[in-house]
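Each of the next two complexes has chain A plus one more chain, namely chain B in the first and chain C in the second.
And now, the complex of A and B:
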């Protein structure tokens, strides 16, 4: 992955969130406080502006700039969670101009570990971890980008039957069952766009 | 005399300021800051708002943060990691824990003792 691919990945992530912001808001109104679509879109639009104004000179630089904006502009729980993940990913990528697949997987592992630590979350709690963990595990086990796409979609849909035990949705108890988790859905966009960009370049 | 400052973090600016007003009244010796709401005053919490609160604590060598709900804790954690002075987070109820904290801080206790006192406030009942 070079800096253009990293920028393309985050650009497509931002575009997909924008296209689906009402859907994300609707999902969040069912189980959360209804701000996920608005918050993510506001932050990622800022990421797009920043990428155009000050282009970074490495994939790590691209991700680091996005991390800073997520922390200060996204808000909600997703700001600190995406922000912490992207910050760890950026430091694992370092300032290398071209990042190998293995190094990217290692960086994404650091990212999901940062989310779990910041949110004190584990798998099965109906959160973004339920997409991040299976996605990163698949990459660690050598899945292709095509296979990753299927795994991510399945992991996202698996959150429908889960009962939320973390975050605002936990207050709903059993009433959270039957809804997709909005954080899992936005996380699925993050990995699906990554797979798409990587697939196209291979 | 106090070296440990207190930060009250809430999703609501009014709530954070209200807690500060109430607790300062109960312990005027304590140095406190209210960090409520987003940058624009909207509902939410923001690490930069919290960081500015930490920097505003006059004459404090340490600080303890108390938070309200959910993501307030995560944003307080981020602010504590980039702070120039040592900052501890107290896992405590905002009002009762805040009262215990300002009392200890007013006696010049260090951050660890202030945090411990705040966290003991979970045991305080209202009716017994």
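And now, the complex of A and C:
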């Protein structure tokens, strides 16, 4: 992955969130406080502006700039969670101009660990971790980008039947069952766009 | 959606400018931030108290910035926690050398953002402590959730911890006082109609003409049950029972009552409800040292009310009545 690919990944992530922000809001109104689409879109639009104004010179630099913006512009729970994850990913990518798949996987592992630590969440709690963890595990086990796409979609849909025990949806208890988790959906965009960009370049 | 505003993306910005204009004798806005601080900040030799959260709960929290309550209030987007950099700016602005206490309402986002800010402040050598308010008895406290939500009981934490800080207590003492209030304060709300987040444009939930929801959160989070509409007396009893289950007030105990309109409940109805609550407290032989009625922690235009009871001890009562002068709450020294 080079800096153009990293920028393209985050650009597509931002565009997908924008296109689906009403869907994300609707999902969040069902189980939370209805701000997930709005917050993510506000932060990611700022990421897009920043990438155009000050292009970074490495994939790590691109991700780091996005991390800072998520921390300062998104708010809610998703700001610190995506912010912490992107920050750790950026650190792991360093300032190398071209990043190998293995190093990217390692960086994503640091990202999901940061989310778990900041959110005190584990797998199976109907949160974004339920997409991040299976996605990263698949990459660690050598899945192709094509396979990742399927794994991510399945992981996202698996949150429908889960009962939330973390985040605001947890207050609904059993009533959280039957709904997609909004954080898992936005996380699926993150990985699907990554897979798409990587697939195209290979 | 029918709202008096200019641009949904500017609503917090515009509101903060309005609050600064309206309350310029009390507070000022830190430039390029969403932070309102006491006009003379920092107050040297006093523990600073910073609170905040998503907007849409006015007068909370900016309305409580002033003598005897908060040193700073940090505003997030509507119903969205403020970001760590903003909270950090607030901490720096109010640190008068004795450290800063963060008063956080228990929501995943708020706790994470304030925690990140505390880490940033500690890295700069500022002594920061935090307390998390979780007074809402509507939702169950269990190790499987993030715990109970923080709602209107937070106002008592602001008032009493603020009085402790104003009297010169050190950071540990102010934190201890705040924790004591949190331990003794319980709340529960209900709603008659939903609220609309400006950027969303549609209500977060719907209630039929003959329905009400018991236990609704201040962001329109679903409550515990939906019922056909009850009278004020029946509602007061229902909310009181739930609060009392946790608070265990005994005959002869002294309590402070806070009745909180959620946004579009007329004062007339709030007073009707207040009368019903007073009757129940009298029945139980609970002495009401203080009854505060009005809008303290709203939920945009939601119709509904919340009941907060604070079990008083002599030291809490003394601080509750200590002098305070803020835009939304004033107390004159006796």
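Convention: the second predicted complex is superposed on the first by the 202 of 202 C-alpha atoms of A that agree within 3 Å, B and C clash if a C-alpha of one lies under 4 Å from a C-alpha of the other, contacts with A are read in each partner's own complex, and residues count from 1 in each chain.
By our rule, contacts are C-beta pairs under 8 Å (C-beta built on N, C-alpha and C of every residue); 3 or more make two chains touch, one makes a residue touch a chain.
Bear in mind the structure is a predicted one, so any value in this text is a computation, not a measurement.
Colleague: Clash or fit: what happens to chain B and chain C when chain A is overlaid?
Modeller: On the shared chain A, the partners clash.
Colleague: Looking at A:165, would you say it contacts chain B, chain C, both, or neither? Reply first, second, both or neither.
Modeller: second
Colleague: For A:42, is the partner it touches chain B (first), chain C (second), both, or none of the two (neither)?
Modeller: So A:42 only meets chain C here.
Colleague: Between chain B and chain C, which one contacts more residues of chain A in the superposed model?
Modeller: Result: the larger residue contact count on chain A belongs to C.
Colleague: Name the contact category of A:81: first (chain B only), second (chain C only), both, or neither.
Modeller: Both partners.
Colleague: Give one of first, second, both or neither to describe whether A:182 is in contact with chain B, with chain C, with both, or with none.
Modeller: Neither partner.
Colleague: For A:111, is the partner it touches chain B (first), chain C (second), both, or none of the two (neither)?
Modeller: So A:111 meets neither chain B nor chain C here.
Colleague: Examine A:134 and indicate which partner it touches, taking first as chain B and second as chain C; both and neither are also allowed.
Modeller: neither
Colleague: Looking at A:29, would you say it contacts chain B, chain C, both, or neither? Reply first, second, both or neither.
Modeller: second
Colleague: Just to be sure I follow: which residues of chain A are touched by chain B in one complex and then by chain C in the other one?
Modeller: Common interface on chain A, chain B vs chain C: 35, 71-72, 75-77, 79-81, 84, 118-119, 167-168.
Colleague: Can you name the residues of chain B that touch chain A in the complex?
Modeller: 38, 44-48, 70-71, 74-75, 77-78
Colleague: Tell me, which parts of chain C touch chain A in their complex?
Modeller: Against chain A, the touching part of chain C is residues 9, 54, 76-86, 107-109, 112-113, 116, 139-140, 144-146, 149, 197, 199-200, 202, 204-205, 217, 219-222.
Colleague: Can you list the chain A residues touching chain B in their complex?
Modeller: 35, 71-72, 75-77, 79-81, 83-84, 118-119, 167-168
Colleague: Name, in rising order, each residue of chain A that touches chain C in their complex.
Modeller: 25, 29, 32-35, 38-39, 42, 71-81, 84, 118-119, 165-168, 170-173, 175
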